[in-house]
Amino acid sequence: MSDRLRTAVLGASGVVGQRFCELLSAHPFFAPPDLYGSERSGGKRLSEVLTIPEARISGELLESRIAHADAAAVRKGGYDIIFSALPTKIAGDMELELAAAGCRVFTNASPNRMRRDVPLVVPEVNHDHLSIVKGGGGFIVANGNCSAIGLAMGLKPLQQFGIRSVEVTTLQALSGAGYPGVPSLDALSNVIPYIAEEEEKLRHEIPKMFGTVESGTVKSASMEVNATCTRVPVREGHTESVTAVLDSSASADAVAAAFTNFRSLPQELSLPTAPTVPVILTQENGRPQPLLDVNAGEPERARGMAATVGRLRVAGNTVRFVVLTHNTIRGAAGGSVLNAEIVHRQGGV
Amino acid sequence: MSDRLRTAVLGASGVVGQRFCELLSAHPFFAPPDLYGSERSGGKRLSEVLTIPEARISGELLESRIAHADAAAVRKGGYDIIFSALPTKIAGDMELELAAAGCRVFTNASPNRMRRDVPLVVPEVNHDHLSIVKGGGGFIVANGNCSAIGLAMGLKPLQQFGIRSVEVTTLQALSGAGYPGVPSLDALSNVIPYIAEEEEKLRHEIPKMFGTVESGTVKSASMEVNATCTRVPVREGHTESVTAVLDSSASADAVAAAFTNFRSLPQELSLPTAPTVPVILTQENGRPQPLLDVNAGEPERARGMAATVGRLRVAGNTVRFVVLTHNTIRGAAGGSVLNAEIVHRQGGV
Amino acid sequence: MSDRLRTAVLGASGVVGQRFCELLSAHPFFAPPDLYGSERSGGKRLSEVLTIPEARISGELLESRIAHADAAAVRKGGYDIIFSALPTKIAGDMELELAAAGCRVFTNASPNRMRRDVPLVVPEVNHDHLSIVKGGGGFIVANGNCSAIGLAMGLKPLQQFGIRSVEVTTLQALSGAGYPGVPSLDALSNVIPYIAEEEEKLRHEIPKMFGTVESGTVKSASMEVNATCTRVPVREGHTESVTAVLDSSASADAVAAAFTNFRSLPQELSLPTAPTVPVILTQENGRPQPLLDVNAGEPERARGMAATVGRLRVAGNTVRFVVLTHNTIRGAAGGSVLNAEIVHRQGGV
Amino acid sequence: MSDRLRTAVLGASGVVGQRFCELLSAHPFFAPPDLYGSERSGGKRLSEVLTIPEARISGELLESRIAHADAAAVRKGGYDIIFSALPTKIAGDMELELAAAGCRVFTNASPNRMRRDVPLVVPEVNHDHLSIVKGGGGFIVANGNCSAIGLAMGLKPLQQFGIRSVEVTTLQALSGAGYPGVPSLDALSNVIPYIAEEEEKLRHEIPKMFGTVESGTVKSASMEVNATCTRVPVREGHTESVTAVLDSSASADAVAAAFTNFRSLPQELSLPTAPTVPVILTQENGRPQPLLDVNAGEPERARGMAATVGRLRVAGNTVRFVVLTHNTIRGAAGGSVLNAEIVHRQGGV
């Protein structure tokens, strides 16, 4: 284990930061991370700021102290890989500064996602976009909005039929709002039918994920995506009700087979955090459910990394389905870790 | 008050039955109902079987005893109006038997909804369909599925632009499953993405509601409706995320004005249970919310009778919005009471 | 209505402030209040900062603007009565300053509760303590901690038997923590077995409420009170499981009769916000429940003002029971309004 | 693994039955169980009747079929050990019949708990009571009510000071009511202050657990236990607020040390399901919480087997604390499995 890559997690005390810590607690490629956080959490032990009790973080990491995250200190750390869960306000500049200084940044933050020189990668969907950061030197690889990642996983098996447009209503979990996030008086027994900037992210990120690399930058696909995003009183797991219009009709059997047979590069490479089956198709009517399916993904290390698709209905060139993903694992930290595993295996870091 | 019509509520002990009792507790047209229920609740006082504490039922009615609901006993009661919240299994036959015997039945049950001789009426949407029961004698007037009623309210103001097709994802409240309904272990922090037969009801009932009367029966409109129905941990209030494709483009202003200006016959007649504004358009991003808007509707007697529409977005001939309705008031008992008020005012009973 | 007393609410935008607004929306003694709040809410309309949708505040009051609450501005208002729901940090000094300037302050804030010259009054429990502010001039009347008020209501009928000591475990509602209060990620499906400073308040306030007036100040009773305070995922309504040890044995019938027959000054004076029956004794095993009983209290204006006691068990000189009160009405704003009604009726303001 | 004992689980499809399956999925002493259930679940695979998604049951066991549980069929199975999670109605007779036929039954059911020839054993509390079943032949060992087990764990470290009486208020999880259990309309945002027969169980079972073996039967201790049992909207984990009066005063330090140092036979024997630390004392004010502490217990196999005690306060001879236990693991299936491990290790089976 002595030759594992040296890593850091920026924004370690947040909900996504804690998930990074869980996934890096005992990783075969990556050493346990150094932790960086805000001034508020700086100097504290991770265990003192923990807000996701179910995250399975190693005892050693729980007792690590969080350093204050200024770019100079991080640069001086000389890390092989930096995972960023920085807050939106400071992520944009700090990530650019680190990349310019030669750091390899895998980020869950949103500010740099739509830059043409930053690939926006869901590993099973568009790992080929990682080619644009293979020139050596520093770079940023972004992983996408949590709902966009889930939607991209659900759409990818349909790409072979051509995807003309997508209509989606999301039912998003409370953990997606971070901590303290949604006040309990607003959440209990309620639906909030709006999440700031979320619908725009789905509209722009999905076409970029399904885009093509041209001259070293990403050109978005022309697919139209319209979303209505809601918050529901669910702890963890984003549910999305999707209607996709294909370029041409497909039979119900062909569509079901497309979901069932779907595998991608992470599965071929048997990467540590890759689920054996990335998209699980369930035929049971009441599924997927957050309670039952949010942690889908085998082997154990890939828990929460599989998307579950159910309620599949095909009518002409219209496909309807419900997709569920774990928003802070597959939809956040896990996506970035799997991106890093690909780049590492392909020699990029 | 001595000349108020004599009424009965069938299925009085259920969730919808209790709402009928609330709405008829002190009604200007209708006398407090005699109560009929299952063998299990027969002989008990309404107060002993109460499951909706927030229903504002008069003390007198709470102390009424529930009789066992067999058709013969009900017929013998000689009621001017019968409100039915009978369970699906027995509603079909018993309502037909009562109508054949000359009773006027206003029902919330589903079995007879799609019969060509039964109008399926949301008062503000298609009160003109009531014409097919005006011949005198017994009849059945159905009010529609709870989600269909909410959707119809949201769509009605758009009818002037022509409605070609509708795509809807519902987030339905627990009370819609009745009592005991959904086990708490399934409901807490979860979404169940399926409700048996609900999507078919939306598919068939909406076109019937927007249909036309021809030769004394209803011909459904050709509008296509596709639904994905989910259950969320909300006590009361169905939220629906709707995408409607119009026959032709409309400006955002024209669509907003259509919602804002919408009034219908119940408003013109100032019926007791009619809300002054049947569809409330909110411009606030986080609205409508079940907690904040489920009881919309003025005056006091029309509490829970108004639909609230929000998140209105218009793009070409596509209109997206979220509509919220109180599923056991507007979406059930209240709809039937308002139907009965129209028929009464028009001399049909 | 023109001779109603002029009032102000300080801290109007908070959870308790909104309840004051509800109770003063159309009060027979008190005119609708002028509203004062923090710098953050200053200048806004009440409707813009509303967080308790179920509070029934008049449309006029909802459209009032909130002024910034500095003591000088409030003093200049020349109000007959000032209701304070100020935050703990500033309540202490500002209330003392106002009282010194001749204002009559009825407060829900905690800082001045234990001052010997401030009566701590639950109207039905120790209205006689109001005598110490009857000298004219400014004063502060405090109403007590929300759990202490509920507990005092439950204990008062037992006072005739002598109360030696009390052991209580509270199950407190989320609204008691104000807004934003408890994060939903902490509240959902959880119990938090600690509420800062709450147990100390119960320990000190209950003996003061049951104390005696001597030489114009209050001397606490010698009763020992021990509490364990927990937060549960309930929107509104504090449940308290109480074990009281009496000075001597009492029969189960005598204790039940003490609860059933209990009435006090607010009932004798038929004050507007006084419930006809201040403590409702239920014999049903599963009661009181927040869902079913939190709004207990008749007539309509006294909704949420009655305590409900259930699970009564008597063994020798030990009495066990569960008491439920509406924590932001009876346990906060309503208590102060009822105190003001007594003082007004007795000529003190 | 070929010499592991042959086992059966009766009542396999219930909430506790599923926990038995989890704990026996890969047990070093006990082979995976044959499954028996009601007529309704008979013939089905375990996976088809699963209601606790988070139970980590082996894939093989999930695909096992459940046989109909009649006593003759079970007897014919010739099992070394039978774990019973039978429903109350049939458990009493069937367990007695099996024991009479020579079977060793470890039960979670209540009917036989108070029989003088049935030891009621919480492993760390009164393992010595197991001596009364060591004569060979069939027997029943009961594990106790879920709240009683948690309370006994919390009290055991205090036994050295003598325990005179106990006052407890429980806040019990929904899973304790089984499935379907509490309707969501009753559970959401509510407290139900009564659980049928629960308080009597605590009153009788605790003294039996702390009793002594005399002439081959158990004589209950004279300790008085009074309980108020409530249901709260928590998925898993019973919280109990306890006041214990000791025979004599103890210092806060001595009491804390008693908790911290507490170990018992299961720890000495390093049994597979024994937590290294059976009672964890936390000094943090807001703990224990179901969300954070319900799964306490190391190593991995003992997850959910440790009790967590917090809010410890000592005043004279009165000790107050809050104890949390996993009600379907430590409070049910896990308790019986650990009992069986002791008996097996001591040669009793």
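A few points about this structure:
Going in written order, the chains are labelled A, B, C and D, and every chain counts its residues from 1.
Methods note: a residue touches a chain if its C-beta (ideal position, glycine included) is under 8 Å from a C-beta of that chain, and two chains touch if they have at least 3 such contacts.
Note that the structure is a prediction, hence the values are computed from the model and not measured.
The chain with its C-alpha centre at the largest distance from the centre of subunit C is A.
Residue numbering at the subunit A/subunit B interface overlaps substantially, since over half of the positions present are found in both copies. Note on subunit C versus subunit D: their Cα superposition corresponds to a rotation of 180 degrees, in steps of 5.
Here B-C and A-C are compared, and the pair linked by more C-beta contacts is A-C. Between subunit B and subunit C the centroid-to-centroid distance comes to 40 Å (mean Cα coordinates, whole Å).
We define each chain's centre as the mean of its Cα atoms; on that basis subunit A and subunit C are separated by 48 Å. In subunit C, the positions touching at least two other chains are 186, 188-189, 233, 235, 291. Remark: subunit A residues 51, 174-175, 179-189, 233, 235 touch subunit C in the complex. Every residue of subunit C that touches subunit B in the complex is listed here, in rising order: 53, 188-189, 291-292.
Looking at the complex, you find that subunit B touches subunit A at residues 167, 169, 171, 186, 189-194, 196, 226, 228, 230, 232-235, 239, 241, 243, 285-291, 310-311, 315, 318, 320, 322.
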